[in-house]
Structures are given as C-alpha cells and as structure tokens.
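Scrolling down, you'll hit the structures one after another.
In the two complexes below, subunit A is the common chain; its partner is subunit B in one and subunit C in the other.
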Partner chain A sequence: MSILGYLLRRALVALTTLVVVSVVCFLLVNAARGDPALIALEQSGETPTPDLLAEYRWQLGLNSPLPVQYVRWIERVVHGDLGRSILQRRPVATILGERVWPTLQLGLATLAVSTLAGVVLGVVVAFSRAPFVDVAIRSAVVVAAAFPSFLVAIGLIMLIGERLRLVPVAGYGSPQHLILPVLALSIVPAASTLRLTRSAVRSVLAEDFVRTARSKGLAEWTIAVRHVLPSAAAPLIASVGVRFGQILAGTVVIETIFAWPGMATAVITAISGRDVPVIAGYVLITGTLVIVANFLTDLVTRLVDPRVAAGAR
Partner chain B sequence: MVKVVLGHPGSSRPRLFRRAAPILCFVLCLTLVLAAPQIAPTDPNEVSMPRRLMAPNPSAFLGTDQLGRDVLSRILHGGQAAMITVLVAVAGSTALSTSVGILAGARGGLVDRVLCAVLDLLLAVPGLLVALAILGTLGTGRLAVIVALIGASWAEEARIVRSLVATLRSSALIEAAHALGAPAWRIGVVHVLPATLPTVVVLATLNLGQALLTVSSLSFLGLGTQPPSADWGTMLAESRAYLGAAPWLMVAPGACIVGFAVLANLVGDVLQGQADPRQRGR
Partner chain C sequence: MAYEPNRISRRMVLAGLAVGGVGAIIGCRPDERGSSTSVLQPNLDATLRIGVSRDLANGVEDPYFTHTSLMVHEPLIRLGDGLEPIPWLAERWQVSEDGLRWTFALRRGVTFSDGQPFNSAAVIRIIERNIQITPRTSPYTVMDARVAYGPIAALRPIDDFTFEIVHERPYPLLEATMSNFFSAMFSPNSFAPNGDFVGIPATTGPFILRQWERGQFAILERNDTYWGQRPRVRRIEVRVLPDPSTRVSALRAGEVDALVELGAILPVEADQLRTNPDIVVGADPISITQYLFFNCSQPPFNERRLRQAVTMAVDREEITRVIVRGYGEPGKSLLSVFSTRWFSPKGTPRYDPAEAVRLARAVLGDRRVAAVLPYADGSGQARPYKEIAAVLQTIVRPLGIDIRLQQLEAAALADVTNRGEWNLRFGQLGWANGDPDFILGNFLYSRGAANTTSKGGYRNEEADQLVEAGRQERDFQRRYAIYERLQEIAAEEAPVFALYHEKSAYAHHRRIRNLRQRLNFQPTFDTVEKL
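Entry: the complex of A and B
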C-alpha cells in the first residue's frame, strides 16, 4: 500500500474514534444538564408555564432531533465553546484551557525520560550475559509494575524532597519542579519499555547480520547502536502512542500530589461535584490528545518500517 | 560420569515450592483480609485522642493514626473493603470480556467485525480515562467504582479472548461439533468456553493486581471509599500530612498495596506457566 493510502486509512480511523468520543461526551452533557428551557426560565425569573416552556424549547433548538443537536454542539466545540461549568459558573474552555499545557508538559517530559531509561536499560539487559543482571532487572520490573505512582511520589517526597532537600516538592514554574513528578510518573512506563526493548533486541540478536558484525570484530556498543537498535526500533516506536495515553491518564494522580496546575484538580473537583460539562470537556481534550498521539505513532512506525503497510488490516 | 535424573523436571521439589508459594501466600492474605471483622483487634473507626500518633508497639502492632485509631484494624477492614470491590469488579470484567470475546470470535463475520471495531475504539482510550468518565457520570459510590473498574479493563481482555477463540474456530473439535449438528450456544458453552478457561483465569488474576492499583488510586484521590471508612488508598492519602512525624502510617498501607499487587502478578505468572508450558523458563 502506498504511504498516502496508509495515511488516509489511519486518518479515517483516528477521525472515527474522535467522533465516537465526542458523541459520548455530548450524550454525557445532554443527559446531565436537565431541561435547559426550565433552567433558562427560572434564571430569568419567570414562572414556567407549559406554553412558555414549549416556546423556549423551540427557541433553544431542543425540539430538533438529537443528531441535529449534536452537530450544533460539535460546531460550538470546534469554535472553542465547551459549555459552562455548573460549579464554577465559568466557561469550561477557560477552566481547562489554561491547564492543558502544564499537563502536556508533564506528559511529554515523562514520555521522553521513561523511553530513554527503558531503552538504555533494555539494551543493556538484552546484551548482558551475566544471568543475575537479567534476573535482577526482571524482578525489578515485576515490583515496579506493582507500585502505584502515588506511592512512588510519596516516597520521593520523603526521601529526596524532605530528607535531602535537593529539589522542590510541589509547585510549578522552573525545570526543577518537573523532576519529582516526572520521576514518579516514569517508573511504570519505563519498566514496560524496558521489557519490550529487551525482547525486541533479543530477537534481533539471533539474526545473521549480528553474527557477521561480531565476526568483523565490532565493539558490542557499536553493534547495539548501529545494527541492532534500528532493527528493533519498530515495535518500540509503535508502542509510544498507547504509552503516552497511559501517562496522560496517570497525570491525574501525580498532579494532585505535587500541586501541579494541570487539568487534574479541575477534574477531581468536577467528579466529586458531578460537574459534568467539565468532565466531558476533560474527556474530549485528553481523548483528542491520545488519538492524535496514536495517529502520529502509526505514521512514524510506517515511515520507519515499510513492513507495517503489509500488516495494515 | 553422567548423572541421570529421572522424572519430569517440573516436578522437582524446589520448583514445586516456587510455584505453590505465591498461591499459598495469596490465599492466606485474602483470607486474612476477608476475615477482618473476626480478627481485627479493635473497631477500625474508634477514635481515641490520648492514643494518637503512637509508633508501633505491643498494644498497637502497626501504631495509631492522627485520631488514635488502630492502624492494624484499619488495614484489615480497609483491605476487606478494597478486596470485595476488586473481586466483584474482576468477576464482572471477566464475565463480560469472556462472553463478548467468545461471541465475536466464534461468530466471525459481521458480528466479529463490529465488536472488534468497538473494542479497538475502547483500547485507543486509556482505561483510567474511561474510569474517570464513568465516575463523573455515576458519582462516587462503591457500585460506581466497580462499574468504572470494569469499564477500564474489559476491552483488553475481550480482545485477547476473541483472538484465542478465532483460532479455535477452525479446530477439529469445533468442526466436529458443528458436523454433529450442535446448536451455536451449545458449542460456545460446552466446547469453546472450557478451552478458553486457562487463559481467562490467567487474565483475571493479572487483572486483580491492576484493579487494586486503580481502586487505591481512586480512593487516594478521594473518589472511592468515603470517610470515616478507609481503604489502603485513603489511608495513604491521610498519611501524607504526617509523613515526617509518623512514617508508619504510610508504610503499612503502602506495603499492603504493593505486596498484594506483586503477589497477584506472581500467581498470574505461575498460572500462565501451567496453562502454557511453552512460557515456562522464560
């Protein structure tokens, strides 16, 4: 399949997913808001008679079928209007808009750090012939996968923040503020990257060209960087999109602990107070980010490894 | 001299122990926690200000918290609350994913394609996001948390069961059943379901640990168990204010969460080894 065909296909999948996520958000908001005509009338101080209600419903476009209402809603969303928060009485777009960048910052930094750490350690483990290295790292991965991120965060705060006083334990603004949240958030994705790298590199190590490289007398690290990693890269790159999604969802917990001014605080307050417009806005924004990340991942995977096209169902 | 070892290598005693130990530990922990009301030394919510923030000592093995409540009792009762939520959620998630997986895999055709599209869609969105959306709609009760957990985990399992069943569909076993004129539901329940069981059990066990981590995270955020009841996540959240003065408040629930999740994963690995001998020694 040509690269353009592949691109169009993936774009179609991404767009469909996006539409479904937005429909879910629309239904959430729609089911939760009560009767807007009644609310509008009560706010203007009029007594809601059946006639008035009917007129208002007509004016607000509430008599049109749901799909038509959805199209109107999505039109407003595209123009940056996500509705108003019930609790805060502010536009959802303003509440979440100013918090998207800090969350994204945290997510991208974590993605970079965990990928780097996971790949480097994974290559080391795959190359090492000492059995205890393998056993130690594999046990560490099992334990790391069982550590909830908030526990790691509390441990880091106790150890590095309070005991050693090396870095700030809460807040936002300087690169130092990123260190602890990113560390806490990186453990689990780094562990899964490590595992993936290890098995990808191991499977390439058995190839003939690696034996040839060895017989030429190349240094192990040259073989690793020049010959093995490029061949093992495809599954690693392919997993970035999903991992970014998990990291982004995980920021909710970490942001709360480190008083990071991302979307988490807004969402948690919203969930406790059933502030559905904010929740729907959060799901829509995060969903869009994840879908875009998945799409870009597919694209890069295809560019790096042409074999993907053959497997693209 | 060549030493000849008789018998199956997997049946030697250390191996057997290595396999049985996680399962035994797991069952023991589960029993302890589920029997909390019978074995907890005190009422978990009994406030006693003179006894507040006591370090672990013979009268309170794991110390007391900021209101003088016994940490051990709270750990046991909190564990029970968390475990019931987790067990119900995992059971629900497993039932849902197995039925959908078998339906899609065994039917094939349009049903399969539609269900796969739905599953792919769900898999594109992170589980925790699905869970948060569900909690946002249903509120923060225990039932809502269970539904949220199921929503977060079932799609991945369904996908795995589905591909397993799809490979079974062309097997001689199923073909023979078809040839004998067995109705579709009978083939599904009598022939396909037992064949998927080993995989399903492994998936469910691995999901136990994951579900506990999610429950604890939600409680930690204040979206799960509500005070004065506690589970391990809320206990950790409360301990944050006393990190320096009373570290035992953090250690006990933290160790419980990690210990249980590690155990669940180990048990899952052991069962996986039993279900699929090719995985052994990896």
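Entry: the complex of A and C
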C-alpha cells in the first residue's frame, strides 16, 4: 500500500471512530440521571420554582427529543461550532480552547519524562548481569506504580512543596509548576515503559547479530545504542500513542489536585453538571488528540522499522 | 413608610437574649497566641495572598462577573451583620402609603472606576439590563429580575440622585430582594447590547479587579478613590486551589497568607492547623443551614407523628459537637439562629427520645416501615452527610423505621429529589437576602420550591395563608408575628427541621490581622492588615 493510501485509510478510520465515540458519549451522558437545567439553576444552592425550571429548559432546547438534539449538535460541529455550555453559557470551543494547551503541556511533559525514565531504566535492567539490580529496580517501580496517582501527588506536595519548599505546591505559569504534577503522573507510564523496554531489549539481546557484535569486542554501550535500541524501538514507539491516551485520562485527578487549569478540571465540572456540549466537545478533542498521537506513532514506526511496512503489504 | 435602620422591637430583644448564649460562642474566635504581632505596624502597601476553594470571578457571561466576597462591586442595599437590609449606595428609601411606589435616594460623590458618575441613570440602566438577561444562571445566585424587583410597572429617575420603582401591586419584600447581588452596581459602559459584560466591569467598591484567569487567580487592587474607608492593603492576590489538602499545604508552605471564604478549610484540617504555632485558625458563623426534609406526600412520612418522632429522636447538639466537630450551632429553627432579627425560639423542636418512641409506637404498633435517604458525599465541602446519615439510620431503628441509605453523585441526587424518589433528604440553604420568606416561603408554602420542584409535598392551609399574608404585610411587628407562627408550625408539624447552622473555618499566618468572615461568607478584605 502506498503511503497516500495508508494515510487515507487511517483518516477514514479516525473519522469513523470519532463519530462513534461522539454518539456513544452523547447517549451515555443523556442516559445518566440528572437534568442539566435543574443543575445549572441549582449551582448557587437554591432550588428553582417549577416555572423557572420549565422556562430555562425551553431556553436551552432541552425539551427536544434526543436524536434531534444530537443532529443539531453534529450540524454545529460540522460548521466548527461546538455549542454553548449549559452551566457557563460560554462557547464550548472557548472553554476547552483556553485549556487545551495546559493539558497538552502536562501530557507531553509526562510522556517525555516517563518515556525517558522508562527506557533508560529498562535498558539498564536488561543489560544488568547482576540479578539484584533487575529485581531491585523492577520491584521499586512496581511498588511505586501500585500507589494511586492522587496519593503520590499528595505525598510529593507534602514532601517537596511543603517541607523542602523546592517548588510551588500548586498552580500554573512557570516550568517549576510542572515538576510535581509531571512526577506524579509519570510513575505509572514509566513503569510500563520500563517493563516493555526490558522485554524488547532482552529479546533483541538474544539475536545472532548482537552475539556477533559482542564477539567483535564492541563496548556494551555501543552495542546498546547502535544495535539493540534501533531494533527494539518499534514496539516502544508503537506504545507511545496508547500511553499518551492513558496519560490524558490520568490528568483528570492530577489537574484538580495541583490547580492545573487544563481540560480535565473543566470536564469534571461538566460531568457533574450534565453539561452535554462540554463533555461531547472534550471527548471530541481528546479523541482527536489520541487518534493523532496513534497515527503519528504508527507513521514513525513504519519509517523506523521497514518490517512494519512490509507487513502492511 | 420610611426605612429605619435602628428600629428594635421587644421581640427582637427577646430573641436576641434567647440566642445570646450563642453569641458568646459563635465563632470560635481566632487564637490570640503570639500577641507580639500587635506591636508591629501594618504595611499599607502590602500584598495579601489568599487561597480560596472556588472561582470568585466568573467572566462576562455571569450576571455579576465577581462574587460579592471580592468587594469589587457594591449594592444599593447590603445586608448587615444580622442579615438586615442596610443602606449602602442607596442612602435611604421610602415606600408610598399604597405600597406601590418605592423612592430611593442615592449616595452622592461616588464614581465608577472608569470615571463615570454613579447616578440615577446608571442605576436604571443596570436594572433594565438585569431584566433583559433574566433568567441568567450563575454559581453565585441566579439573576431573576422578577424576584429581585417585583412586578415593575415603571422605573424612572426623579433627579440625578433619586429614582423610583413603581409596582403593579405592593411588593413589600423589595428591600430584601434587592440586597447584595440583585442591586450590584456597574458602570453603564460595562455592558454589551446582549447584556453580557464587555470585559472586566468598572465598579465602585473598595477594590478594583485588575486581572483574572478562570480557575487560577484574581488580582485586586485598592481603589484609591473609594468613597468610604479605604482598605489597609494595596493588593490582594486570590488563588483558586480546588483541592482541600493542597490549600492547606499552600498555607503551610507560605505560598498564601490565608485560607478564607466558603469551604476554605475542612473541619478536620482546621483542627490539625490549630497545632501549628505560626497559624491562626478561626471559625465564624455563616448564613447556611443544613436541614433534614421529609417527603410528606407519601408513606411513611405523610404521617405527621412519624415526622415528629424522627425530629424528637435526633440529638442535634451531639451531631454538631461530634460529627460537625463544633463547626456549627445545633439547629434551633428553620431560620438561622445567627440572625436575631427573625429567629424565634418557638421554632425549636424538642429533643425527647422517649416521646419519639411513644409517638412512633402509636402509629406503627409493632410494624416496621422502610424509608429511603439518598445523599451525596459532601466531604469535599465539609458536609458530613454520610456520617449523619449513618447516625440517623441507627437512631430511628428503635422507632420502627429502617432507613436505606443511597449514596449518589450530586447530579443523580438532584434527579432523584426532583422525581420525589425519596423519603428523607438532606438540604442546605444560604439565607441569601435575610428575609424570612426566602426560607419559610420555600419550605412551608405548598407552592414553594421545596414542595414542588423537590417534591416535599407539604401542605398546610394555615401555613399557606401566613406565607401569602407575609408577602403583603408591610409592618415589621405584624410580619414578625406571621413568621414566628410559621416557625412554630414547622416545629409542630416537622415537614423539615434544621440539623445545624454552619460556621465556616478560616486560617491565616500570624502576620495577618483583622481577617474574619461575615455571615454571607464575605471575608473582611476591607479591614484586613498585613504586618
């Protein structure tokens, strides 16, 4: 298959996925108990009268049947309009637009840190001939990854932010503010990357060409960098797309704890307020980000490892 | 009838005495350890850094842009320390004999921060804008001009500093309903044609909102041309920190000087902070009361004696002391005990567990009945619903009532409530305008929101007549009698009762002075000092 054909096929799959995801999301949110008009009016803690509730429901167009609401929403999306938030009354594109970059910053920084840490430690463990190093690093990582990220976050805040006062405990705006949330988010993906790297490198180490390289007397680091890593890279790169999706999901809790003004905090409020336009917009944007990430990793894998392209044929 | 700010009735004095004990303990006063700070002079150029739990600025679509806590905008009428209406940007007002015409005299010499004069034309423009955008939701309070201003027939200036509102029929609640948010003043240049703000609005308050980012911060600067007493700090940086433990860490790490405003500190964390010698912890009463409602439209609580039995079995003192950790006052009436103006001790239900069992036996005999109590986990907002629900489940078992607890997330709970799929439910209400109709007209009137939207189903002809009479009555003494009787009916019939009246905890470093919270959770930014 030509690269153009490949791109077209992937774009078609991505579009279908987004439509399916948006329908499922729309149905799920509407199936959940809760009247968005009532919740919006009760935001301040006061119960509205039935007349006010009816008037507001009419204003929001919530009396229309669900399929009609969905079709209206899709029509707007096609024209580049994600609608208006029921709770905030602001355009969804504005609400999420001002929060995409903070979430991306957090996600990409976490992806970079966790990938780097996972690959380096994975290679060290794979090359280590001392069983103690392998067991110690893997055990430490498994234990660390077993803690929920919110607990890790609170621990980091108390130790590094509150006691040592090395970095701000929360907030947004400088590289220092990234340190604690990225650390809290990185542990689980780093552990996964470590395990994957170790297994991929170990399997490459058993190959004949590595034995040949060693018999030539090459240094271990040269073998690792020039021969082993390029061969083991394909599954690692392929996993990055999936990992990015997992990281985005993890930001939901972390953004709240660290007062990080990303999309997750907006969507938590939207979910508890049954704010369908914001939830649907969030799913659409994160879905697109994950699809693009997967697409890029597939593309890079294809370029790095000719066997993948050959397999596609 | 002219407004009389200092009118004190005999009943008010009696009510005041009845809750006098409360006054003594209201507000665990801030610790006074480390009094050495008192010899230091306040820095009038200081920047105060505050941590809060929620956004206090909400943008151009919000009917008010900011919460009153930021002291950026000011109302014509504000609520005093007892939730009584007091003149602010309106210096005085009077209503005609027929009750149809309200005339307001405005404070002179006030200008908005954009230089525009504050006058009748500005006020009329703002009221017209509020009518235009009604209903407009807000996390602070829904803008509903019909409630705020009543049935307006005409709205007109008399001169530059006097204007009048003419009603189609008498609307005696106006001075209460117009208070605070509903008469917040903004420069007429602040609005777009659709009623939204065009940007940060120009206002008259002691602070000017200079900059803000949603979900992150709001920066206030002292309004050096303020008409009243100028603030004692130059700048306030308000940081939004939604997570309770992160807020406390920010205080301990010195990143903020204080945690204040609604829900700033959970009771358990306030108790922990008290052990820190560098931090002062206080708790002041606020206008929010936590209630327990009965579904009066279906068994088992369509039976009055069973409602009374549950009410008598609940030890509100113990709940407040143990579960609420003392951050409240045991429920004394549907109207907050912290506002002595309308509170009546006649509205206090009796605690009598033996009588509760006798009443329940008289209704049920040896039968047992089931009741559903749905609730949301309010732990993040310092509301221990889960713990109170478990206690209720235990204490009503001897009455022959088996409560099934149903923990739901907030939106699902609202839905369950709205459909009437409950027998007991928790509810909270902040007494936003200080008028008793706001609470009693909601809870005891058969057409009130608690009985219609929330399906409480309580109906009592006398209560209905009293609520309707209270809405028309203009004489304070006669109104007090009406609302005293309504509180008494609530205690007798128990469609709902108050569990506790809330106090809100706050904490600050020792270098901060004069920081408290008012009943409407407004921090005293106007008097706070930093040493």
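The rule we apply is simple: the second predicted complex is superposed on the first by the 246 of 313 C-alpha atoms of A that agree within 3 Å, B and C clash if a C-alpha of one lies under 4 Å from a C-alpha of the other, contacts with A are read in each partner's own complex, and residues count from 1 in each chain.
Rule of thumb we're sticking to: a residue touches a chain if its C-beta (ideal position, glycine included) is under 8 Å from a C-beta of that chain, and two chains touch if they have at least 3 such contacts.
As the structure is a computational prediction, the values presented were derived from the model and not from experiment.
Touch criterion met: A:142 reaches subunit B, while subunit C stays clear of it.
Contact with both subunit B and subunit C is seen for A:32 once the two complexes are overlaid on the shared chain. Residue contacts after overlaying the shared chain place A:162 against subunit B and subunit C alike. Once the two complexes are laid over each other on the shared chain, residue contacts for A:279 go to subunit B alone; subunit C is not touched.
By the document's definition of touching, of the two partners only subunit B reaches A:250; subunit C does not. Of the two partner chains, neither subunit B nor subunit C is touched by A:292. Of the two partner chains, neither subunit B nor subunit C is touched by A:300. When the two complexes are overlaid on their common chain A, residue A:154 makes contact with subunit B and with subunit C alike. Across the two superposed structures, the residue set of subunit A contacted by subunit B and also by subunit C is 32, 154, 157-158, 162, 256-257, 272, 274. Contact residues on subunit C toward subunit A in their complex (touch as defined above): 58-59, 61, 135-142, 144, 213-216, 239-243, 245-246, 249-250, 252-255, 288, 408-412, 414-416, 418, 428-430, 432, 442, 447, 449-450, 452-454. On subunit B, the positions that touch subunit A within their shared complex are 121, 124-129, 132-133, 135-137, 139-140, 209, 213, 216-217, 220-223, 233, 236, 239-240, 243-244, 247, 250, 254, 257-258, 261-262, 265-266. By the touch criterion given at the top, residues 16-17, 20-21, 24, 28, 31-32, 142-143, 145-151, 154-155, 157-158, 162, 245-246, 248-250, 252-253, 256-257, 267-268, 270-272, 274, 276, 279-280, 282-283, 286-287, 290-291, 294 of subunit A touch subunit B in their complex. Taken in their complex, subunit A has these residues touching subunit C: 32-35, 38-50, 52-53, 55-56, 59, 87-90, 98, 154, 157-158, 161-162, 165, 168-173, 256-259, 261, 265-266, 272-274.
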